[in-house]
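Two complexes are shown next, each including chain A; its partner changes from chain B in the first to chain C in the second.
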Partner chain A sequence: MEYIDAANLKSIELNKEIINKLKQCGEVTIQNPHSMHNVATGLPDPGKVIIQGSTGFYTGGFMEGTALLVEGNAGWYAGDNMMEGELLISKNTGCNAGTYLYGGNIVVYGNTGSRVGYGMKGGTIIVCGSAGPWAGQMTMGGKLIILGKAGSKVGESMYKGAIFVRDPEAGDKMGSNVFLDSIKADEEQELKDLFARYDITADPAEFKVVRPMQTGRHTYVLFNPDLKPELSRKMPG
Partner chain B sequence: MCGIAGLINRQGMDVSSKLIEMLSLIQHRGPDASGISIYGSAADEVSLRVSVKRKDMEEVLLNIVGQYGTVLSPPVSQWIKNVIFSELQLAIDDNDIPLLHAAINSIEGLYVHSLGKGMRVYKDGGTILDLNNNHKIISPIATHGLGHVRMATESAEDINAAHPFVSPFYPDLSIVHNGQFTNYFNLRRYLESKGAIFKTLNDSEAASHLIAYAMRENGGDLEDALRMAGEELDGVFCIIAATAQQIGFVRDKLGIKPLLLFEKDGLTMLGSEQIEFTALFSDVYAEEIEPGEVRVWNI
Partner chain C sequence: MSNEKKKDFEPKDIQHGIWNKETISEIDYKAQYGQHRIRGCGATRYMPTFNDIMILPSQLSRLSLDTYRESCETKTILGKRGASKPLEIETPIMIAGMSYGALSKEAKIALAKATALTGTVISNGEGGLLPEERQYSYRQSIQILPSRFGFSKRSLEAADMLEFLVGIGAKPGLSGHLMGSKISEEIAEARQLPVGIDLHSHPRHGDAFGADDMVVKMEQLRELTNGEVPIFAKIAAGRVRDDVKIAVKVGADGIILDGAQGGTGAAPVMATNHLGIPTMPALVQAVRTLEEMGMKNEISIIVSGGITDGSDLAKALAIGADAVAIGTGAMVAMGCRVCLRCHNGKCAFGIGTQDPELRQRLDIEEAAERVANYIKAMTAEAVLLAKAAGKTKLRNLEREDLRTLTLEACAMTGIPLVGSNFVFGERFGFEC
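Moving on to the complex of A and B:
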């Protein structure tokens, strides 16, 4: 385990240091992050990074396989455009957590702000607390799981994917072009595995699923994206 | 970007210091100007705070004031950067306050920062540190107030373009705003046709005139005025508005600009970022305001 004191580093210097240390030993702890923006963005390698404290905007954006733990709060756009790996946040996040998520898992153990999982294309986001308005707006794939209270307009204009909600009032807070469905057996199993993996106490049977409607105002030009995230990744070597 | 703050404590507290602490935590949202408005300070007399462009214009100011009321104490004037700032205590009939406000603003080089009973606006260019150094904040025990740090996006950086903004249409009202209006010139034309005198090119000034005009017309209904503002203003915005009796906010329908609410121990706090609330409570999670929402508190 290596330690980095971020007190006197700029985020660009810190991120270079993280990449170096991850190559050397695979596990890094960052101290004194003092809510810095862009911490641990663009990490290219697997490994484990622990941040002891709260972070600012764009924490862990564009990560490709690193497991990142934030022991505190994170600002806006945590896990922005993450490709794969794991982002765990022990407290709350601001808006747009997991925006354009391609793959990997994000777990927010506290609450999250508006537009969580905006335009996500894959991967999984679990919010243990409440979520703000427009959760899963324009989602194109993946799973968004909200254990607490859901904000208004859940799943507004989503194309694909599924939003799992436990809020009994979620049915009254849905966006347009979606419907509330019951959970399927295989989905229940997936949620059960995820909850076990991340130490979350919840019964998958209590969840309902917000899914995109395949009919309605989009019938004549239904956008049906055929996404190939692997093509956007770096070529090996 | 801009950062905003609102604070209510009906029991009364040192609102100005707490607002300044809150704003210090969001200084990164704007270093160009800062300001606070404070309500409910004990003073019974009306206080007038006004920026004066040239020293000789103080004479003009005293002349105008003399036409509407009596100056109770000699003006406390000070140089701040390139403007003189005067504070006067007045005896004036309530009905004459809007007239005096408009009369001062009609003179080039004079600009009212606040005019009201137990209500004061302190604002300045630069950071919170400048505000604190340049102004002596009197009677800090108050019931509520607003705060603002500005990142200039579309008009000059100077003391007059700082928030909070007030309007002669309803002198008691002050507003802070985070955002941009895309229909500024249409609003300005409309408001000028109603008699508004614009002293800056700041779009937030238009919002202050609009809300104040609505309140004058509807008999002082803040909630109604904010709903109207939510409909009429185009763009992305969060506005917190305060009068002696009320604080309220309006957020744009797309929820682009952030606004958070936290209530605990009889305190109501509004702000742009979670970190702001740590000025009063150590570990908080403030509720995000719904897009398009309007809410008003009575003091």
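Moving on to the complex of A and C:
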């Protein structure tokens, strides 16, 4: 195990140092991250990185194969465009965690903000707490799993992929162009394996799945007048 | 004369005013479908263009160059502000971003091959990077769009130039449109979409919500590209002054400024005709802003939207652009007749279609040669004008070489009217 004190480093310097240390021993601990942005950008190699503290924006963005653990909170866009590997966040994240996720797994053990998994194309995001509004908006693939409360407009205009929700009220919070479906047996098994892998206690059978409509057409918000003809002051008869 | 005879000689009134055939057909469409209309290409209405400007030739006051025997340099370097490997191209004409999806594979390959014949750069557009495009292109620009269709870290690795796309002139403030007729199995796979869906893509970048975030995003992109690749912000012309200042602040190496005449594969008619400002005044405003900031020599400007010939190029460079981008013009060179029907996917020339039979109509080699010829001829036209103005380098054209033909162009550009030193409106460096 190698240690890096990030207190006086710029993110680009820190990331170069992480890459060097990972080549030497395969496991690195970062101290004093002080909510730095762009930590672990595009890390290209397998290995384990532990960050003792919270991080700023774009934690682990474009990462490719590394297992990154943030022992704290992560700011906006955690794991954006991630290609492979693991990003585990022990507490909460800001909005747009896992946006444009391409591959790999992201686990948020706390809550996450709005638009988690925005435009994700693959991989898996697990939110152990609650997710803000517009979760999984316009996804094009992958799996988003929300154990706590789902925000409004979940799955808005998804194209592909699946959003697993346990919130019993999720059916009332759906976005447009999606429907709520039962979980399939193979999906249950996948969730069971993921939960075991990340020490999450939950029963996959309790989940329902938000899936994209397959009509080939989306409906849009253009002009929908709220008509109240009964309020007209027309004379009776 | 009897009343009946008078009727025979009644002059025929033709409605040139509001209630012309176009207005009536537009209303008919809305009455039928209850929604706005979508079509291909750009604005059809009148807008001021570079044609409202003349170039002053050299006579006794300066020497001209021999049009046919003396050289005029066209080599162009773009994005030298922060990138260690700025983009070097042989002519300041790039192929604008047109997606694989809006265009056929054959059209994309032809355009890429044209860049290899002329030494310039092609932008991939929204639909990801077609492997053949990268294979055949001379230099490759990669767009980072809000949808990120087909985009990954691999895309960054293939880029000689990056464009962080905020908007395009044909539909600024709107997301990409690709109608279901063009989402074939091949396109659906490239974009990870269901086959045949009418696509209205992601409206905003999911990983950069505002200017402050973009500063951090830009640092991330720099790190991922080892600081080598020039990064441009592509913006539609609107609040040019503010947007240019922000682009400079976030650390862009250059700006691609797409005027309201810019085209697209599909857009609401409302957007193409009524959103944004025309290319010429937008360019003036961008240049003026950079000069006020003392950044004109650091930030490259590529301007697009309605660029048709070498005079547009020469005038854009004289105003302060470093290069122009051509989209519709390049399609016309391949055979497009600008029928405005790109959206329905039935392009008779095999350019804006995914229909396997129609695609076969485009001869890739011939189309590539025609686009290359067009770029060569455009460059030669601009060189002709530059030499006549006494320039040994195309980029040495300057605004002092220009005069405006109309009061409107004069007021918009701050360039004096022909035959005078008189300027209306905001100043643009002329002592009047």
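Throughout what follows, the second predicted complex is superposed on the first by the 215 of 237 C-alpha atoms of A that agree within 3 Å, B and C clash if a C-alpha of one lies under 4 Å from a C-alpha of the other, contacts with A are read in each partner's own complex, and residues count from 1 in each chain.
Heads up, the rule we're going with is that a contact is a pair of C-beta atoms (placed from the backbone, for glycine too) under 8 Å apart; a residue touches a chain by one contact, two chains touch by 3 or more.
Note that the structure is a prediction, hence the values are computed from the model and not measured.
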First (chain B), second (chain C), both or neither: which does A:Asp80 touch?
second
In the superposed arrangement, does A:Phe57 touch chain B (first), chain C (second), both or neither?
second
In the superposed arrangement, does A:Gln214 touch chain B (first), chain C (second), both or neither?
second
Examine A:Gly94 and indicate which partner it touches, taking first as chain B and second as chain C; both and neither are also allowed.
first
May I ask you to decide whether A:Asn105 touches chain B, chain C, both, or neither, giving the answer as first, second, both or neither?
neither
Touching A:Thr124, do we find chain B (first), chain C (second), both, or neither?
neither
Does the superposition put A:Thr66 against chain B (first), chain C (second), both, or neither?
neither
The chain contacting more residues of chain A, comparing chain B with chain C, is C
Can you list the chain B residues touching chain A in their complex?
255, 258, 273-275, 285, 288, 290-291
Which bits of chain C are touching chain A when the two form their complex?
35-36, 146-149, 151-153, 156, 180, 191-194, 196-198, 200-202, 206-209, 213, 216-217, 219-220, 223-224
Under the stated contact criterion, what part of chain A meets chain C in this complex?
11-12, 15, 37-38, 41-42, 56-58, 61-62, 64, 76-77, 80-81, 83, 96, 99-100, 102, 115, 118-119, 121, 138, 140-141, 159-160, 212, 214, 216-218, 220, 222
Chain B partner, complex, touching residues on chain A are 35, 73, 91-92, 94-95, 110-111, 113-114, 129, 132-134, 151-152
